Structure formats: C-alpha cells, structure tokens
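Two complexes come next, and they have one chain in common, subunit A, joined by subunit B in the first and subunit C in the second.
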Partner chain A sequence: MILTIAGNTLGALLSRRRALLMAVLAAVPALVALLARAYGEPGDVVQQTAGLLEASVLTALLPLVALVFGTAALGAELEDGSAIHLLTKPVPRWRVVAGKALAAAPLTGLLVGGATLVTGLILGGDRGAAGLTLAYTLAAAVGGVVYVLLFIALSVLTGRALIVGLIYVAVWEGTLAGLFEGTRVLSIRQYLLGLIAAIDPHWVAGTGAPLAPGVAAAGAVLVAAGSFLVAVQALERHQVSAGD
Partner chain B sequence: MSGAAGGLGRGPADGPGRGATVGAAGDSIYDLGYRGYQGVRLGRAHAVASLVRQSFRQSWGMGRPGRAKIVPFGLAAIATVPAVVALGISALAKQLGAADMIEAASPIRYETYYPVIGQVVFLFAAAQAPELLARDQRHRVLALFFSRAIRREDYAAAKLLALGAAMLAFLLFPLAVIFVGRALLAADVVAGVAADAGAVPAIVGEALLTAWLLAAMSLAIASFTPRRAYATAAIFAVVVIPAATVGVLSELAPGQVVGAVSLFSPGDVLDGANAFVFGHAQAGPPSASMPSLAYVGSALAMIVVSTAVLVARFLRIEP
Partner chain C sequence: MTGPAPLQPPPPPEPAPIVLDRASRWYGNVVACNDISFQVGPGVTGLLGPNGAGKSTVLSMIAGLLPPSAGRVTLLGEPAWRHPAVFRKVGLVPERESVPGWMTGRGFVGYAARLQGLPDAAAARDAAIALVDLAPAADRRVATYSKGMRQRILLAAALVHDPPVILLDEPFNGLDPRQRLHMMSLLRSLAAEGRTILFSSHILEEVERLAGRVLVIYAGRLAAAGNFREIRRLMTDHPHTFTIRSSDDRRLTAALFAEGAILGAELDGELLEVRTGDLAGFCRQLPRLAWESAVTLFEVRPTDESLESVFSYLVQR
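Moving on, here comes the complex of A and B:
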C-alpha cells in the first residue's frame, strides 16, 4: 500500500510545469560553476568548490526543492480537499505519510544530488575536489530526506506550510544563524555540514566550527523521526476542509 | 417568452407585485418583480478604488480569520525587531554615557536598514502577492470582475496599487519607529527631528522603489498560477537564486562578470539602489565595484518589465 501511494504521488509530483521548473532551478548551480570555471581566479580549488556547493546547493537549492516537493506531496491534496479519498480508505495514517515521503524524498535527493554532482565535477572534478563533491552529494541526499519529512509535517499542521518553511530556511537558518551561533544546533543545514566535516574538516568552507559528527547525526535522525511522528499524529486528527 | 398580451408588468408603475397576470388564453406568466436599477451609477473610478481598498485589506489578512493575519503581521513584527533593538541599545548607551561611540558602531541605521531586513521583505511579497490573485482565478471570480465597470487593465493596476501600498507600509513602519524613537531620545526633540529630517527623502525614495519593484514582480509571477504555493515558491526563487549566484560568483570569479550578473538579481539591485539614494557612488558585490546609478536604472527596467507583464497577462487571461 505504501508503494501504491508513493507511485501515485510520484506521478503527481512529476506532472506538468513543476517538474520542468525544478529542473531549470537545479541547472543554475551547474551554470554558475561553468561561469566560475571560465572567468574564475586561481586559488584553492577545494575551498572554492566547497564554498560554491554550500552556498548554492545546501543553502538555496536543497531547501527550496524539498520545500516544493514536500509540501506538494501531501499538503496540496489536503488543501484542495481531495485528500478525503485517501484518508477514508482503511490505511493506517503512518503508511500514508511513509508513502508520501517515499515519493518526495528520493525525488528531491535525486534532483539535488545530481545537481551537486554535476556542479562539483565541473568546477573541481579534475582538480582534486572529486571526493568533496561525492561527500556533498551524499549530504544532499540525506538532507533531502530530513527536509522533506519536516516539510510534510509542516504541510499537515498548517495550510501555509510553504511560507512557514521559507521563513524557517531564510530567517532561522539564514539571518539568525549568523547572529546567534546557538541556533545551529537546530539547523538542518548545519547537521549536513557537520556530517561533511566528519569526513574531512577542510571540506567545509563557512565560518564557525561545524557541529560535532555525533551531534549532527543525532540531530538529523531526531528531526527526521520527530517530523514523521508529528506528521502521523497531525494527520490522525486532521479535519478535512473544503479548501479555502 | 412574453407571449401573453399585457402580461409582463415592468416599471415602477406596476409596483413590486408578485401576483400572476392572467392572459387571454387563460395561461399565466408570473411576474417575479425584477426591476432595473435606477440609482446613481458610481462608475469605473469608484469600482477601482473599492478594489484597491479591498485588496489592501486582503494583503494584511484583514476581514479574514486570524490564521490569515499571522503571516503578514508576523513578518512585519520580525522586520521591526532590529529597529526596536537598535533603539534599546541607543537608550542604554545614552544612560551609560557612551552614546556617540555606539552611534558610530551601530550596524542598524537608516542607511543599512533595508539590506538588513531584505529577506523578510522578499518573504512578505512572496507570501502575500498570491493571496491577492490566486483565489480570484481559482474560484473563477475574475469573470464577475470583468463583466462590471472594471476593465482588465484596471484590475491589474488596482492589485499593483494595493500590494504596493501594503509593502510601503511594511517598509516604512520600522523606520518610522526609529525616527520617532530617536527624536524622543534627543534632549531637544525639535533639534532631534531636524537632524534626521535630511534622511527622509532617501528613506521614502528607496521604500517606493522597493515596494513598486517587488509588488510588480511578485504579482506578475503570481498571475500565472492559481495555486498560491507554487507562486510563493517561484517568487522566492526568483529573488534568492540570483542572489546566491552573485554571492558565490563574487568569491570565485571577481570582476566585471559578477557586476553584470548582479544587475539581474532583484536583491542586489535593491541594495545598489539603496546605496545610491543614500549618496554612495559605488555599489554592488564587494569584488566588483559598480556605479550605483546602474542599479537604479536596472530597478526601473525591472519595474517597467514586471508591470508590463502583469498588465499583459490580465489582458489575455481566460477568466
């Protein structure tokens, strides 16, 4: 049953203009890498690649793609009321959430991971940044799962999950992270950077010490598992609305 | 339809009668009392003004349940926090007798305020522009609008005016807080106001430019989809992706390429225009110094294109 839900959701997510727009979005970092390759100044290629992947993929592309797929997987159905067809079937709610996540998370991981791989290889693949690119690709895949689960939970809790998610990404992980270093303990981006730093500390370009590997891993698992439970809980109590 | 002779009673003389008139052949036609409107017709201008007022309220979630107000007012609160913090620090420093030192070191001044709250302003536009347009398309209300005195271009203009006004309020409120706060902090209130009065044209000018640019751009994007979520994501992406690109490129490939790319990034354009109105000749990403006037030109070009797209979209839209 999980697989059936996942299959249907996958079809819905890939339909129409959205998939095309997401692909265009995913192509931007690679384009930047090409520009940087063409006009770039000589320097530490590993640092440059790390900086590019962190700023364009982990900070902008990954949360945005996960946000769109995560909230569209379940939230769109809940909003327009057609979720009632799914919710009135004798399927445990945890399977519904699992099915939705099983469609959105791999899709996000595949798209963003692919973008990371291409971008990193263009900029530094032949200049010693291939290992780093692989690490960032893995981090993007892990991040896809965590972000998607979080945003699925959000989309069950509120009808405006997308804007709430954007506020989290832009204000909490963006502006506040620069001012209050403590917020990094509650930031998925920092978990991913911590995981990458666990492989090789030189692969993280940003300022400030990355999280310890244990904290990063535990944080990622806790957010993913917590979001899943919250989503199931909220879906069990969800009142089907007639749309807005 | 009106086969029966003398059947249909129309006009004031007949009164609002709901009775049946018996025709020649014995069959009857029911007079339902429909009557024409004889009152004053308020016309196109009034209709547009009403739509502007209604849309302005919509963009703040007024007239809707509390849930709809959380996002706009929450964002406005976030945008005001730096102003309150800056005032608090100034007041504290004055008590400690270190006012001049703090004043010079403070990162929150009139000049730096828009860049500081930039992200929140983009979020407001991304969140509220679809609120103004999506429902009318989704629930097929546009046909009703267009069948009345309002023309298609009026609808687009009214929505632009409403969101622009809402964003202007959003942008000016925190700076008004600082302005009033600083005036009250000064020992001589009149002198305090006079000292800051010189910054007012720049503050208002940048707010106007920002409000018009972001309102036109986000409405133009939002007009292409009846789904609010997609519109929100698209508006945010159009601002954030170019900004991230410029940020990365300015480190990797300093020079004229970054400068040229930054002219197409709304966030960087507004920062550059902000530098211009506050009297800096140079602006742009740190590695590529550009004349700040170029950003004002780019902002105006973006305004023209966005407004044109918005109007053109509603001229062709299938209601």
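Moving on, here comes the complex of A and C:
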C-alpha cells in the first residue's frame, strides 16, 4: 500500500515542470565547482570543498529541493482537490504520509546527494576531499528525509506551506541560527553540520561551534518523527468537500 | 422428551445503510446544513436541490470527509468521520473532476483498485473500465479526456471494489444525452443488484427519471422527502403566478374568476397578473375561456417557475 502511494506520488512529482527545474538547480553547484577548479585560487582544497558544499548544497539546494518536493507530495493534492481520491480509500493516514515521504525523500536525496557527490569530486575528489564529499553526500540524504517530513507536515497544516517553509529556511536557519547560538538546536542544517563535524571537525567551514553529535542526531530524529506524527494527526482531521 | 422450542425474539431491524439524525454542519457563522434527518436504503435515491443548497456538504458528511457540527451521521451503522476502513464498502464520485491529468484512465482506476487492496486489482480495474464503456480510451492520458469521459473514469474508480453503497455528487454534469442515458441505465442496474445509491442533482428531470425516492434540500434544510410522485405533486400544487397580455384583460379576468380557475388577480396597466392553486386546471381552462370570451391571448408567462421558488415553497410549507 505504501509503495503504491509512493509510486503514484513519484509519478506526480516527476510529471510536472518543477522536477526539471530542480534538476537544473542541482547542476549549479557542479558548474561552480568546475569554474573553481579551472580558475580558482590555490589553497586548502578540503576547506574550499567544505565551504562550497556547505554554502551551495546544505544551505541552499537541499532545503529548497526538499521544500518543493515535500510540499508538492501531499500539499499540492490537498490544494487542487485530487487528494479526495486517496482520502476516500481504506488507507490509514499514517500510510498515506509514509507513502508520500517515501517518494519525496529519496527523490530529494538522490538529486541533492548526486549533486553533492559530483560537486565534491570535481573540486577535490583527487586532492584529499573524497571523504568529506562522501560525508556531505550522506548528510544530504539524511537531511532530505528530515526536511521532507517537516515540509509534508507543514503542507497538511497550512495552504501556505511553501512560504512558511521558505521563511524557516531563509530566516530561521539562514539568519537567526547564525546570530543566536541557542536557536541552532532547532535547525536541521545545524544537525547535519553537527553530524559531519563528528567525523572530522575540519570538514565544517561555518563559523561557531557545531552541535554535539548526540544533540544533532537526537534533533534530527525528533524533528523527523515529530513531523511524521503531526502530519498524520493533521491528515486525520483534514476536512474536504466532495463538491466545489 | 423435549419441550417446545423456546420462542426466539425477532432479529433487530437492520439499520439503513445511510442515516442522518439531526445532522447540522456550519462553517463559522454560515450554516451549510441545518438539522437534517433522513435514512437511505437500497435502491436509487436522489438528493435534489439548487446549487448551493448544501447537497455536497450532506454527501461529504455521509462519506466521512466532513464531521457534522451537531447530530449524527452513520454509514453502514458506523460514523464515517475518521474511519477510512468504511471505504471498503463505499464508492464516491465527487463533483470535482480533479483526476490527475498525467495519469491514464487505466492507471487511475488501477491505482484505486490497488489502494482498495483487491486480490486481483488488474482484473477489477479492467472490469470497472468496461462497465463504464471506456475501454477504447483507457490508455489515453486523462488530460485528453472530455468532461463526460472524466465523469465515467471517476465512476469506474468508485465501482472498482464493487461497493454496496455508492455516493455520486452531480454525476450527470457534462455528460451528453447518450452518456447520460448510459449512466442512468448503469446506475439502475447497479441498484437492481441491491446496492444503495445516493446521487445529488439540481435538475428535476434527472431525478425524476432515475430515483424512486427523493430528498429535497433547500438552503441547508430538508424541504421534503419521499416518493417522487408525492414530491412532484407538492411541487405542481403550489400556487403559481402568471403574467398575461391579452386583447381584453378585464373580460378574461372575470371569466377566470367565474370559472374558479384563479385565486387572485392584479391588473397593472397593460399587464394582468393572476395566481392559481391548480396549475393543470388553469392550463386547461385558460385557452378555452379566452376562446369563449372572444379574447386574444398575446402572452402567457409563468413568473415563479424556477426550481428555486418551488424549493422555497416546499421549505415554507
């Protein structure tokens, strides 16, 4: 049942122009890496690779792709009314949310993880940054799951999930988490940086001390599980009309 | 030796598949349905009312897509709200087309069959598509379908698991006359197999041709319920008003009064307005009386024949 929903959702996500747009967006870090490799200043390649991956992938590409796919997976159907075909079937709501996440999270992970891998290997794969690249790729895959679940929950809770999600990514994670260290415990990006730093602290280029590995892992698990539960609860209470 | 067998109490009466008991639904200050009670059993029942009367809200409450704000709604003996398992026995055709355009008709019905957990989803899918006469177009994308074809693919998806209860919201919208006849015949045959079918419509003729029983909804209230003939009689017998232009309004009025064909009349300039409580009698008598009185009729126009005014009358009755 979950696989049936996931397969259908994957078809819906890939059928729209946004999938192509996200693929184009995912190619940008790799292009930057190519330019940096060709014309960049000589220096610490590991630091350069970490800086590029953190800025372009973890800060921009990952949350953006997850936001688009996460809110579209279920929110778009709720918005245009086609969710009625799913909600009038004998399917427990947790399976609906799981199916939606099972489509959007791997799609996000594949696209962003692939972009991370290619970008890192172009810039420093043969110059000592292969391990770092792999760590960022895994972080992108984990981040894809957490972000997607958060955005699916948002899309069930509000019709303006895209805007609310963008505010979370840009204002909370982008600005406040840099200004006030206390807010980092509620930032998915900081969880991912904390996990990468647990492997090697030099692989994190950002300012400020990264979160402790335990806090980062617990935070990621809590946000993912909490989002899943909230999405299921909200979907159970979701009201739709059979007519216009 | 055994004594006489103890008397068994009669089995309790089976509850009707669909029961609304003083159900109301409001959105903030707007009342969509007000204190509605009815039961729907096997056969075809029509939910008749003008647009915006609350038909979709009633169907949504029955299907468990909306909770009642007050009262109780049960489907097959259980409240349907937050109880998705009930959809194993219910098929819903919503008014919104909203079929994902990227899917093929076969893909859409197959998806419904798999979500129902049917053991042979492919066979059920193909049977449902054949039932709605859409097999030749089943592999086309839904985006290329006409409105009528989309209605039929929605019906196929609702029938794929062979449900005993079928709910349809304005199922004849967008169908051409041939498709309409086909859908009516299909619904009749499904009802003949013992299914409970409840469909909504704002068109009297559709309900008249298909439904044995009618529920009339107007302004969120149940205006009338019962056999179609009874409802039809109520609708026909309500006071009707006509405006008439003739060569001699005064003489015609006098003749109509003398014959008892009208209840009242008002003459306003060149326009005569008459009120009758017996539509059929008035329609028979008017031309005869005009002929006998040597009055030429230029125009006879009903002023309140809209379905809205009929529904309004039923509510006020």
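The working rule: the second predicted complex is superposed on the first by the 239 of 244 C-alpha atoms of A that agree within 3 Å, B and C clash if a C-alpha of one lies under 4 Å from a C-alpha of the other, contacts with A are read in each partner's own complex, and residues count from 1 in each chain.
Keep this in mind: a contact is a pair of C-beta atoms (placed from the backbone, for glycine too) under 8 Å apart; a residue touches a chain by one contact, two chains touch by 3 or more.
The structure presented is a predicted model; accordingly, all values stated were derived computationally and were not measured.
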item	value
Touching partner for A:V91 - first (subunit B), second (subunit C), both, neither	second
Touched partner set for A:I167, first subunit B, second subunit C, both or neither	first
First, second, both or neither for A:Q48, with subunit B first and subunit C second	first
Of subunit B and subunit C, the chain that contacts the larger number of subunit A residues	B
First (subunit B), second (subunit C), both or neither touched by A:G81	second
Which superposed partner A:E236 touches (first subunit B, second subunit C, both, neither)	second
First, second, both or neither for A:T59, with subunit B first and subunit C second	first
Touching both subunit C and subunit B, counted on subunit A across the two superposed complexes	244
In the complex, subunit A residues that touch subunit C	1, 4-5, 8, 11-12, 15, 80-82, 84-93, 236-237, 239-244
Residues on subunit B engaged by subunit A in the complex (per definition of touch)	67, 71, 74-75, 78, 119-120, 122-123, 126-127, 135, 227-230, 232-234, 236-237, 240-241, 244-245, 247-249, 251-255, 257, 261
Complex interface listing, subunit A residues touching subunit B	18, 21, 25, 28, 32, 35-36, 38-41, 48, 51-52, 55-56, 59-61, 64, 67-68, 71-72, 75-76, 79, 123, 159-164, 166-167, 170-171, 174-175, 244
In the complex with subunit A, residue positions of subunit C that touch it	55-57, 59-60, 63, 65-67, 82, 84-88, 90, 92, 94-96, 98-100, 102-103, 108, 111-112, 114-117, 157, 167, 169-170, 200
